[in-house]
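Following: one structure in structure tokens, then a few remarks.
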């Protein structure tokens, strides 16, 4: 009974953590971009304010049932993936369902939300939305390839498909996977640029061109929910990368709350550093067209992905 | 023996060669006519000539020099040994009849063809092809 | 009255002379009498088949002369099987053509019926004769009837086709006669059994030259490439029942003659390979030519040549299974191709020209006929559950037994070609958008009965081949048991 | 009389019966066909259990019919899908011409398929295989008014080549191993690549063509797209699985009877053929503008996955293939039914002409949505399970890492056409042309919904399919196939708990649905699809707001090299050249009697000259 209680509470904690951190990171990004462009920029908590404003708004018109469902799909995807990602290694509160799903499941679950939203966007009948979806899906095919290659490299190098087991492994050896298989990290990192959809891969929602792409027809609570979902997803992606390549967080010997706190701090530091990579790259790059983006992902990231697999096989003793 | 028979005996080889040669020549002439002549009637004539050559060949093969007609009669029961082989002659008779029928049919077809196409040139009778 | 093989020939001959007289009494006599005669032939077949199953083969001597000297008619399980098949198919074709062209004048219909009957009778004669010269005579009887029937229609290009047929037929008879001459000089006999008996003593070169003459002459009758130039023209220009007869009866007789000569009379090595190769080439060329035909009957004619090629391949393989398959295929081909010609005739009848492209959507006009045509096409290609499947199956099986892998692949690829053009036609019939007015010529009752009985045979044998297989089996055995044939004929009576 | 013979006889007689019912009363044709197959299915599932066997003699051959667990598995697909498709067909085909013909051939096709799986000897197998082929051919050309020459015949030519390849293999099995029984042939190792290598290759060619494997896939898209949709359901759902049935039989027996390491190349080639099939199918699916064609190409791609699964030869891989076979039948059946419903109601499935049907055909849309999610392989529906099994098999057991990426690429690109299908038909602008469209009749909706439910349940309880699949695998020689009701485990011990996932998703769905959607539904009013914001400007009346053409143009540009290799064109050129070649040969028959006479003489002379070579 107690276990279930902890689980449910832990799930809520996880959700709140993801929400807060994700929103804050979003604010940070705006700040960083502003500073880089020599502006003052909004405060870091601006995203919370935006969200509150959106939630307070009343939606009057709708474009049909799928439009209503779009935020639901996003919440489902965000919550589900969140539950299956280990936030802190070995921490009971943040364990959730981490042992119950593996990487391939996560890979597929992560597209669930975008697909759902795409359906809502489609029903609105706005050609900009459809165009955004078309570009988004095409880009998805681009970056998923190197990402998947990197994942396979990890899987075969460590003989597991579970993210939790990978974390265990990193703790046991004390070596991060970024050291064990740097190529996989490079491939995945490059793929993550597309995943975040920041510049140069922001043609999906290209503001000046497509209104805001798939989100064009959403407003009020729905847009707020989508923003939340987006923030949570950003956090999820970061945590996943940290878990996979940077040794995860919470691998300390401290007991109880102190250990958790330290772990969280570690997590925040790692995710923040990781997050700044796409943000800074986005700062200094223009926008790719869709086909350029796809071709980019199929060139160097894929090359590194294959290299990662070769490396993994070499390390594994299968070849060489 | 009649004078003719004596003459025949003297030039037996020559005559054999002549008969066989004639028959083969007839066949070749017939073949030539059938394959090279363009006029339908000439082709039919060639066919007949070829037939005739074959018939001649057949009869010639059955002939025994100095043989008698292949008829058994009273008092002549042992004639079998000197008889000309009757079978080729019988067969050739049949074959001639058949050849006659075919020639007649062919000629009637030619009349039909000529009425229809106003030509008797075989090269122009190829509306049915491929 | 005791039924003997000679009834096969006597009855049609008498009828042929009687019909002109009988038409004076009743004008429909010309239509009915051939039917009675052909039906009588069917009865003869059944009686004789029953007899040979119980007592072994029959060798009937004509005019009292004993076997090697006289003319004899031989009914073994093999010849009996073919004769029965030919007479049954002949009867069905008569039934189909019973009300054929009611518009024809009495005189014309009389000649048509007489010639048709003589052609069938002559074919039976080819099959049952035991004498090589009579073979020649019967071939000529069939030939003359066939030439005349090909040119039967004044309005078409029949005369042209008939003349070509006649020209080629003239060559056939000439070469056959040459072959007979050589054989006669070497063996001194015209009886097939005796020739076969004496064949080992004949000098090799003579034997081979004689064989070549026979192969060429009979190859013409059996529609073997490159001797079959006459066939598509004749098939396509003759009246449809005659085309069906060509496919079902005359070609069977031709193949029989070839096979009898090759299998029984001669004992030459290499002739099997020759048959196989030439059969395959015939099949290939015929099907290739068929694929782009624009004329339905011409397409069916090429298809017939292809099927005969397959029969020759099977005889070339020469194992018992192969011969079995070949005999089965001859039956199937006779039945199916007759059906196709019969149904095709109604299409042509309704489209005014014989072009395939005017068959579009004719299903709407003639549903039942189209259905039967589709069935026939599928059966001919060799799809189960139709009878055509089994014959092809056994032939390929026998080829596999001899490990002719490329032959099998070749046959199957050619079948793909065959299937392509047949199914194009079927597709047109059923699915293309129809053009033109509704049908003016529905099939008559007798034609429906004839076609349905063929279709029924196709399906029943396809589902349950055991009905017919024992007969074919014993026929195949009889053909291959050469020594028994010789011995029986020379000792019988 | 044996029960199996009775069943086949019912179908055979039923086929003719339907044909004749049509000539009496067109209204009852569909119902008759449905009842006949329903009764057959009823008798079959109640009377015949796995392990049933029936030996008899026909045409001098020892024949054997029977059912193993393996074939029974496919019977589920065949009969289950057939019953649903025929129920669907009643209304779908209403008012069309030649119903008797359609249903007669339909039942014959079912007979053929059933025959194929119950055959335990090669002769029956080929026999029924051919029946299936030509009966389905008749259905393929049913709609193809002007294209018989190219579309329908292409199917038949490929099928025939496949069938004859199979036949060649069969006769050689008979020659080399002296048996016609499949079980005996397996026992004697007839399917091994070691000895007579052409036997398994020809068999695989035969089955592979039916399963539309790579260079031979060109027949499939037009055939699937052109047939009536109620038949395509069976065609793509069940009949293509006959190829899978055969390949599974051949391959597993090959793998299990020999050391797979020695035959690395066999599995590699087959796997890559499957992988390339999947990629080609997918990338061509996503550029289609006709929904039926899109689904048709998608079927090709999905069969590619199945082939990949079979090619691994491992337990998980074969399980993946078998699972995918069923789930593909389910969701693709449903999707073709959806396409049929749209075709029936809106008159076309061309996505450039219709869109925005969601409000007109809500049930159809829900089915489409569920099936598309299953097709895309997104959890928690049944499709995901198949994908999971396939990837895990390739990664953990088969070590085919590049192939797995190829498959993954295909399945990711499948998101694109999945979305395209939904968007093209149901979402997007509501055009004037589709104003009259109504929801499909109930008898069409019900089978679709049943299939959608199966796809959903299979997501949470894949064990329901694993159980017969495991039995089937044991029947073809795998030992101790393990499976769980609702979770997936690979050999490394990593699990995915599907039930938990499904429950979690369901719970979150309920909560967010109640708090977001219901509220939203209540408080908002629906405005048409014209009432949209385009960067602050209201669209004009005449402005084109429909985006349906060249939907994935950027992707097409990016993947241009992949589109270069068009098998279709290659085959077409081959056909054309062959026909020209044939036309040349035809000229031998010049029509001149004298030429023919010349041929005869030349032939005679040649024979006489070469007489010593020819005869001795």
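Letters A, B, C and D name the chains as they come in the text, with residue numbers starting at 1 for each one.
One rule holds for everything that comes next: a contact is a pair of C-beta atoms (placed from the backbone, for glycine too) under 8 Å apart; a residue touches a chain by one contact, two chains touch by 3 or more.
Computed from a predicted structure; not experimentally measured.
Distances between chain centres, each the mean of the C-alpha atoms, put B farthest from chain A.
Put simply, the chain nearest the middle, going by average C-alpha positions, is D. Of all chain pairs in this entry, the one linked by the most C-beta contacts is A-D. Once the centre of each chain is set as its mean CA position, chain B and chain C turn out to be 30 Å apart.
Centre to centre, using the average C-alpha position, chain A and chain C are separated by 79 Å. Distance between chain centres (mean CA atoms), chain A to chain B: 103 Å.
Put simply, the C-alpha centre of chain C and that of chain D have 44 angstrom between them.
Chain D has residues 586, 589, 591, 593-594, 597, 601 in contact with two or more other chains. Taken residue by residue, chain C touches two or more other chains at 163-164, 167, 171, 232-233, 289, whereas all remaining positions touch fewer. The set of chain B residues touching two or more other chains comprises 34, 43, 125, 127-128, 130.
Chains touching one another form the pairs A-D, B-C, B-D, C-D.
Against chain D, the residues of chain C that register as touching in their complex are 163-164, 167-168, 171, 175, 204-205, 208-209, 211-213, 215-216, 220, 226-227, 229-230, 232-233, 268-271, 273-274, 285, 288-289, 291-292, 363, 378, 383-385, 389-390, 393, 396-397, 399-401, 403, 405, 408-409, 412-413, 415-417, 419-420, 423-424, 427-428, 430-433, 464-466, 469. Contact residues of chain B toward chain D in the complex are 31, 34-35, 38, 43, 122-123, 125-130. Chain B makes touch with chain C in their complex at residues 27, 34, 40, 43, 47, 50-51, 54, 57-58, 61, 87-88, 91, 94-95, 98-99, 101-102, 105-106, 109-110, 112-113, 116-117, 125, 127-128, 130. By the touch rule above, chain C contacts chain B in their complex via residues 133, 136-137, 140, 143-144, 147-148, 151, 154, 157, 159-164, 166-167, 169-171, 173-174, 177-178, 180-181, 184-185, 190, 232-233, 236-237, 289, 293. Those residues of chain A that touch chain D in the complex are listed here as 58-66, 68-69, 71-72, 75-76, 79-80, 83, 97, 99-102, 104-105, 108-109, 111-112, 115, 118-119, 122-128, 130-131, 133-135, 137-138, 140-142, 144-145, 148-149, 152, 155-156, 159-162, 165, 211, 216-217, 221-222, 225, 289-292, 294-295, 298, 305-306, 309, 313, 318.
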